[in-house]
Each structure stands twice: as C-alpha cells, then as structure tokens.
Amino acid sequence: MRQPSRRKDYPYFLSYQTRWSDNDQYSHVNNSVYYHLFDSIVNTYLIEQCGLSPTSSDGIGLVVTSYCSFYRPLSFPQLLDLGLRVLKLGNSSVGYEVGVFEQGEDEPAAVGGYTHVFVDRITRKSVQMPEKLRDGLEKVRVQDVQRSKL
Amino acid sequence: MRQPSRRKDYPYFLSYQTRWSDNDQYSHVNNSVYYHLFDSIVNTYLIEQCGLSPTSSDGIGLVVTSYCSFYRPLSFPQLLDLGLRVLKLGNSSVGYEVGVFEQGEDEPAAVGGYTHVFVDRITRKSVQMPEKLRDGLEKVRVQDVQRSKL
Amino acid sequence: MRQPSRRKDYPYFLSYQTRWSDNDQYSHVNNSVYYHLFDSIVNTYLIEQCGLSPTSSDGIGLVVTSYCSFYRPLSFPQLLDLGLRVLKLGNSSVGYEVGVFEQGEDEPAAVGGYTHVFVDRITRKSVQMPEKLRDGLEKVRVQDVQRSKL
Amino acid sequence: MRQPSRRKDYPYFLSYQTRWSDNDQYSHVNNSVYYHLFDSIVNTYLIEQCGLSPTSSDGIGLVVTSYCSFYRPLSFPQLLDLGLRVLKLGNSSVGYEVGVFEQGEDEPAAVGGYTHVFVDRITRKSVQMPEKLRDGLEKVRVQDVQRSKL
C-alpha cells in the first residue's frame, strides 16, 4: 500500500479562503466542495502555467473520472493550502492529484483528483495536448510514485 | 468487467431540475455538481425513508470516500432523473451508488457514489446505524452486484 | 406600500428540488441560493419561451442589480415552487420578480429579482432585445403593478 | 446621489481566490457568487472579531434583505479583495456593505450587502446582540455615510 502523501510531495501550491457556504449543516466543509477546489487549482495551473484559455483554446479538458478520500474534517473560516501534482500524463489525457492541507499541517486532510481528457472545443472529440500544455504538466509530474515509495 | 448499470438497476428515483449555475464555462453540468446531487438524493432518502434528522439524530453520516465516472455531458436546463442503490451495507458504514440519467434514457450519463460512515453527532466516533436506518437502506440494497452480472 | 404578492400574481411557474448543499450550517436554505434559483427560472424561461441560446445568441442578458427579501425560512428536502413575472420591460433591459413558495402555500417565503441588460456577446455593449425575446417577456409582464394594488 | 465607495471607505479587508465554478457559462463570476462572498467576509468578521460561534452562540444572524449592484465583470482565476463596513447598527439588526475589488483597483467592481437580524438559535425570535458582538461591529461602522458624502 502506498504511503500517504505529504506537503513535500506536491510541487505547486495555492491557498484558498473557505467560504460560509462550504460548510454544510454538519458544520464542516462538504465533500462536494473539495471537487470545486480541485477544479480551481487545476484550471489555475492550466491557465497560468500551460497557456490554456477556457474561452478560446482549441482543446479543452473534460473530466472523465474523479475521486476523493477524506481523512480529517475542515471547516470555514479556515484557510486551506492545496497542492497539485500530475500522476499520469498521456497524449490526450492527464491524471491530477490534489492534496488538501490545513495551514501548518504536513499530512493532508483529504487527497483526491481527476482525469482530464483533452477534446476539441467544438466537436468534443479527443485531441492531442498542445506542446506548451504538456510541457507545463510535465513540470509538476511525479515520476513513478509507486516505486519511489518502496 | 461489470456491465454498466441501467435504469432498472436502481430501486429509488428522484428528479432534479438543473440550475443555471450547474453549467460551467464549458456550458455543461460541472463535474462537482454531480456530487451535490449524490448528497441530495442520499440524504432525502435517509430523511424520508430511514428516520434521519440531520439536526437532531444521534448518529450522522459522514462521507469518507467518493468517486464518479462521467459518460455523457448534461446541460442546464435539462431535467435529470437520479437513481439510488446501496452496494455495501455494514454495521456503521454504507456504500451508495447513484446513476444520473437524462429523461427518457436507459443508460446513465454518469455513475458515482460514496461511502458514508455513521458517527456520533458530538464525538464524531463511529457508531452503529440505528435499526430503522439500516432497514431503510436494506430496501434499496442490491444483492451481490458482481456475481449477478456474470 | 405595495401588498405582498401571492401565487396568482405569477404567470409562469417551475418547481425545484432543494439540494443538501442549499442548507447552510443554520440548517435552512442559505440566502445566496435564492439567487441561484432566480437565475434558473429566468434563464429557463428565456431559453424555452424566448429563443435565447446561451452559447450562440448574439445578445445575452447580464445582471446589473439584484435584491431579495426573505420572509420565512425554507429547508432541504422541501420542494419549492418558483413564480416568475416581469415588472419592467425596456428596449435593452428587463426587470424580473421571482416569488419563492413552499408547496401548498399562497404567500411567498421570499420575493426577489434582478435587472438584466442585454448586451452583445462579444463586445458586451448594450443591444436591443430581439423581437422574439421581447414578445416572450411581454407574455409574463404584469401591467402597472403599483396602480393595480391601490 | 451618493458617490460610489472607494477602497479607503472600507475598514476591514479579506482576499478571496475565485474558483472555477464562480464563472458561469458567460465566463464571468456569476451574480449569485457575490452573495456567497458577502456571507464569507461578514461571518469571518463575526467569528474572528466579534465572538460569534455559528455552532454554539445563543444568538445567530439571519439575512432578511440583500442586494447588489454590479459595475464591472470579474472572472476566474482573478484574486478578489473584499472590503466590509457597517452602515446601520441597531439593537438586534445590522446592515453591512461589501465592496468587491479587483487587485490594484480603487473603484469597486460591485457593491452590495445585507441586513442581519440576530435571533435566538432555537426559537428564531429576535434577540439583542451581545455586547462583544456589537462592539466588534461598531469598529467597522461608518458614521453618517450620506452626510459625509455631501
């Protein structure tokens, strides 16, 4: 079994203020909100580091599968640190993992992610990632997570 | 590999109007929204059929893992049909699966779900499900999905 | 002072399932959610009755002001009925009012709305509404609300 | 007519990362999202500066009216600065105004707010604000906005 990830395992970070509406009626950040955060850090990285323009790029990334494991509750008004890494990188698809951290904590409160398939904006058929996008993703790719953990 | 589920595989259904904000800037229902819908059908079932009161029951269900696979895009203002079934039922945990259907379609546009662990409202330690709740979940439980598909 | 509106005052209705995430940590539908519902009924009406295509129409409606008054709390898993009417109709702008009703109730739990200004999709400059759109809005326009209430 | 507010008019500020889901299909921050942000800065201030505990305080603030005017569009992945001030302060109610700013901009992109009435957590009847809460609100109260603008 893979060891759980730590802060140092993520090469790219962004902090997010939690919002009042993130807490559900059990007074903790609702499970769905983590997926909104995954979308936010992934797309910020794609826009700012990989040349994606959601309104004009020929290829756009659509989510085909997603998942999350929740280890410890989080709650508004905490400030969260999100870490991003790429676990798999193909010609038209990429698998991201996001670690969600409380400030000052080394172990993640949750770890999840999703697989993006890049498709043509109009036809929605699978397309190759542009070189600039792939190069950007390569920079946060983690080589061989499984073996390095042995 | 398991065959994909169909409408007939889900014993409990609710319809949901999509909302303007469900569509993201790619003009389809955003991946995170499906998890909001899972929460909605699961908790409606727990409240209306299993005696759960989110504001006063001793035991409440917290999500520990969740996942979703997306097969076909959906888009506001479509009306969606959600189907619910229980795949695993333990003493303190339950695994739900939700199928998301377009009106009139037999194959799901997405299938996902999550595992709830029932915990004490105050201490958040794992507790046994009350009998009424477990009985309610038993009614939508699918026996042995894996084998029945062979 | 204007008399509060009633069900009969709204010519167009849609029902919306509340969602788990609509309830905030005070266990009632959060104030922001009403605005999501306003967006949903207004745009459904514009798309289904007035020929608007959010992805391709030349003119699109942008919100310039919005407001809401909250009279009685609502709570998941209630089913809500929303009523829509147009209070003001100009050449490029329209003022909508939405009444939010519990099932079976004649008095609204909340009343709010917003002003849409129609703008060119690309330049975002104000444009005249197309005739089909204006005709559709005219059908749910309430003539002279102020005077009729005297 | 009141002059529009500026950065200097707000005594308390918080920054919020926009999220992917804040953009609607017109690729700008949706009007409803501003109300989520109002809730977030108001409640952060109440919790961190005024002693409010959403899960245990006897009195909680419920929104009775809200409004917003939108001057300029905002868009993910912008970082937003929110300013908070109190315009009216009664014994059981308070009127907040929030200015929403782009980084580096002196004029707000949107200005809105809401009125909170403090009620008993259980009975939901109006109650007096505790002294600590009122003192905290007094610190961000703007005296006589109308006259000072003449």
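When the chains are written out, they are named A, B, C and D in that same order, and each has its own residue count from 1.
Quick note on the criterion: a contact is a pair of C-beta atoms (placed from the backbone, for glycine too) under 8 Å apart; a residue touches a chain by one contact, two chains touch by 3 or more.
Model, not experiment: these values are computed from the prediction.
Looking at B-D alongside A-D, one finds more C-beta pairs in contact between the chains of A-D. Taking the mean of the C-alpha atoms as each chain's centre, subunit C and subunit D sit 23 Å apart. The distance from the centre of subunit A to the centre of subunit D, each centre being the mean of the chain's C-alpha atoms, comes to 30 Å.
Averaged Cα coordinates give subunit B a centre that lies 35 Å from the centre of subunit D. Multi-chain contact residues of subunit C (touching two or more other chains) are listed as 20-21, 23-27, 30, 32, 36, 39, 54-55. With chains as nodes and touching pairs as edges, the resulting graph is complete, every pair of chains being joined. Subunit B makes touch with subunit C in their complex at residues 14-21, 23, 27, 36-37, 39-40, 42-44, 47-48, 54-55, 76-77.
For subunit A in complex with subunit B, the residues that touch the partner chain are 24-26, 30-33, 35-36, 38-39, 54-55, 60, 62-70, 73, 114, 124. Within the complex formed with subunit B, the subunit D residues making contact are 20-21, 23-27, 30, 32.
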